[in-house]
């Protein structure tokens, strides 16, 4: 979907500029250096290196999103586990540990088997969620900062262009050309901020939200297994996390 | 009301442009492609497909709002049910289930009849509300993002227009015409954002709020039935959800 | 005070425009239609009719504020009642009910006399407050939305004006006049938003706050009466709601 | 410090305008009437008179801040009191009441001596803090509103100026002069908002914060005295309110 | 990293201005006085001296960040301590106190040894954290205010420049030069705000966050030691504060 959006967006701009016969004006080395160099420089100052080095991963993630386990499958997995624990105790799940792909789920169950008390496990899981949420938010905030400063560097470029223009104000012909370059920088800044950085920040926080929801589902399941709920109850508790639509699909199946 | 607002808004703009004799300038293919194509492209990048496919439903909903059950009728229904449960137990409500239109109410009562414990039912209902609220907010936020980026694509169009103008700066006649087109794109972006996307986002969140309030009314009622409150008390508890004005009408009736 | 403010504000603008000899330019039918028609159309789309029909009441309320009961008088009333209840039971207050002007207070005491349990009464009162607060906030938010969109319709008017200007760019004389009209629309939008809609929204939320505070005072009083506190304690508890300055006046009296 | 800031700020502007030889243009009766008259009018509409009449006090307070008691001195006072109460009961503090300058502290201790229960005293004190905080925030919000509307009245003035200019567009000489006046009004609005109203709002909220902190220190102390803590514990509890730096100074002394 | 960012940012601007041949125009005494003098004046008015005198420390801190103890080392230290306390009582840690570099940890343990009750120690530590957080936020907010007002002083400078220009409007040659100066001031304001003040504010709050996280780690550890948890449990509890990546490194080691 992201790719469709990108093609559509660039297509629209290309179409309009082609009709206006100004395509050749839009490639401008000064504008690129100022807007993207300046934006990069700002985030290098603003964020510690540990945050900045996550940016490439985040960008790759936008184009090739991680295959997430479907919540319904995770519920089934935990209900099966719940039955097993009810029947033959927590230790009986040990052999299944290797088959669990979700590391968060696997680690939580391992803690249960190791005999840690429920509150400790719960506390551990919630801190983990909180930590992951913070890390995600930090990466989003880098993109938001980029969306904030990119148009400002565009504006700076426009100012530099205007100053240049004013220097040769008596010659209207050169003025037009320099002014066009000034405008191009603004264009880069605004386009970059609102078509690239802002939507990426939003999409990342969307992904983060759905990952966090899955982790909360796991916490609820683990708590239910720990309490020794009957499997039907575990299922009902976890089902509340699904939207009505998903639930109906499940029943149909 | 929405339709009256739309007619009034477009009427005002039409009237002013007619008087200014510039109606023919306002239909501009470049402006439409850039503003609406660009806005669409941005939300395609920013939101997952599962959210975007709810947009058409939301738009239809704005023009043809779902008939909601009136809270007073829902209170009457739950008070009647409360009497029945008090008299002959929770199972006696089973035959009435089919007559309950509100799916949320029907499902909650079914869980009570199935013998789930009060906390489980309550937890289930509250998660359901939270989930619906989140889904609504996400759809609203799509429209808010559209209201944010539409004027920016308008501005981009203006910039492209200005660059075009500056290219032929020595010919004031063409300059005027190109400039007019630049302005038209701004017009589209600003008008679309503030007259279409923003009010739609607000109206959707208004609808969402009143739907959530109804669901909270149901939760309160179910809890009261579960506790075995006398029907008068159930009624008084639910009445608190009504505004003074509605309450007085009820008494008059 | 509101009236003084209005006269002062319009006076300042009138004075400056008179000195600039442009008073005749400011009355402009296009600008009025676009700014106020457009703003009205937007709120018709954004808010349900039940909210919009409260706007005239709210405007009347700004000019002729409801006489509120003074908190000190309300405290006296509740302390007297507290004494009576302590002496001869809750039923003894029945005859005084008719004399209580504040409907919220009257209704709460009636519920006490009717024998509802303290938690029910308290819950009822708090939901009532919450409901009233929400209704107030919604009306405020309508005015805030008006303050947001009015300048944008002003800007749209300016854009239309500029497009008109650019059409006849070779004739500087007409250009000046059309441009002046474009500016006038901006003027209307900005002046309307910041001098009328925004201050009204703030004043309404000020009134709302002080009404809510009075209702919280009543809740505290009712709770104290219910618990059977000695009247001196009831008084001390309620006094905490008064500002130091008011308290000192009371002692002086 | 405030005075130094004011002199520095005005000095910078004066210096730059002197070098630009435009000092005589900056005094402009229209601009003053529109910006400061309009801002005053707006707050008269937006806020009730009870709030507006606190503005002069607030302004005086900015230039001549109230001498606050130093927290360390207050801690000493309360520790001494704690010792006395521990030794010979709460009544023994009665004679010291007259010597306590801080009215909030004096009144709280008086309530303790009068025999009110701890929760009542605590509740009373916390409501008092909440009330004072609200009053402070309201005064700050008046200044913030002024900072919001002042530049907008500046913009209105600029619009009026531009309209004036456009009326005589064929005469470039007058145009320059009128335009200069238009710019002056913008200057007043922006300078007033960001150099006067905004910093004052911030400083007032800084003062408010430190006053509230002192009151919370008193509450902690009173609670500790009431519970009959040993004086050393009272001191340790109160010390947590001091910053590390202050604490070290205290030890040095 | 900060230094790399600064060099990159200034480099980009230098490169673009060099190509535009306007480097000599950018050094402008008026612009420096107005933008940086005005910004300084504003914060002198807005913040008390106690906050302002922390600014130089904060700036130094940006370039030469304090070496923080690594969380893993702190966890090891506390686990060792936990073992010792479990074995031979809290007094046995006394000799190690001098070796603990982290003052916050040292002071907390000292309070434990001195026999203060757990709640007192906990309360003391949490107030300390809150206080430090507030102080950090205040310093950040100074930089944020600078980022807000710097571009506004730039705008004021531009206005002054425009007024100057308009005075000599009939002479297009001088007009260009004065206008260029006007633009330069805007440039200073915007560049200062977004490239210097805003990123510094963000970086400071990043540092603050990670310092606070370390302090919360210490609180958790101290609480665990106090409760007499087995060292393995203490370790598991503290480990939750580490990110997955750090944890894996630790295991590898």
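By letter and in written order, the chains are A, B, C, D and E; residue numbering begins at 1 in each of them.
What we mean here is this: a residue touches a chain if its C-beta (ideal position, glycine included) is under 8 Å from a C-beta of that chain, and two chains touch if they have at least 3 such contacts.
Just so it is clear, the model here is predicted, and its values are computed rather than measured.
Chemist: Among the remaining chains, which ones contact both subunit A and subunit E?
Modeler: Correct list: empty, since no chain touches both.
Chemist: What shortest step count links subunit A and subunit C in the network of chain contacts?
Modeler: Each step joins two touching chains, and the minimum needed here is 2.
Chemist: Same or different: do the copies subunit C and subunit D touch each other through matching residue numbers, with over half of them shared?
Modeler: different
Chemist: Calculate how many whole Å lie between the centre of subunit A and the centre of subunit B, each centre taken as the average of the chain's C-alpha atoms.
Modeler: 25
Chemist: So the centre of each chain is just the mean of its C-alpha atoms; given that, what is the distance between subunit A and subunit D in Å?
Modeler: Going by mean C-alpha positions, subunit A sits 41 Å from subunit D.
Chemist: Indicate the residues of subunit D shared as contacts by at least two other chains.
Modeler: Answer for subunit D, listing residues that touch two or more other chains: there are none.
Chemist: With chains as vertices and touches as edges, which is it: line, ring, star, complete or other?
Modeler: Contact pattern: a closed ring, each chain touching exactly two others.
Chemist: What's the ring order, kicking off at subunit D and moving to subunit E?
Modeler: D, E, A, B, C
Chemist: Would you pull the subunit D residues touching subunit E in the complex into a rising list?
Modeler: 1-2, 4-6, 8-9, 11-13, 15-17, 19-22, 25, 172-173, 175-177, 179-180, 183-184, 186-187, 190-191, 194-195, 198-200, 202-203, 206-207, 210, 233, 236-237, 239-241, 243-244
Chemist: What part of subunit E is in contact with subunit D in the complex they form?
Modeler: 30, 33-34, 37-38, 40-49, 51-52, 103, 111, 116, 120, 123-124, 127-128, 131, 135, 145, 148-149, 152-153, 155-157, 159-164, 166-170
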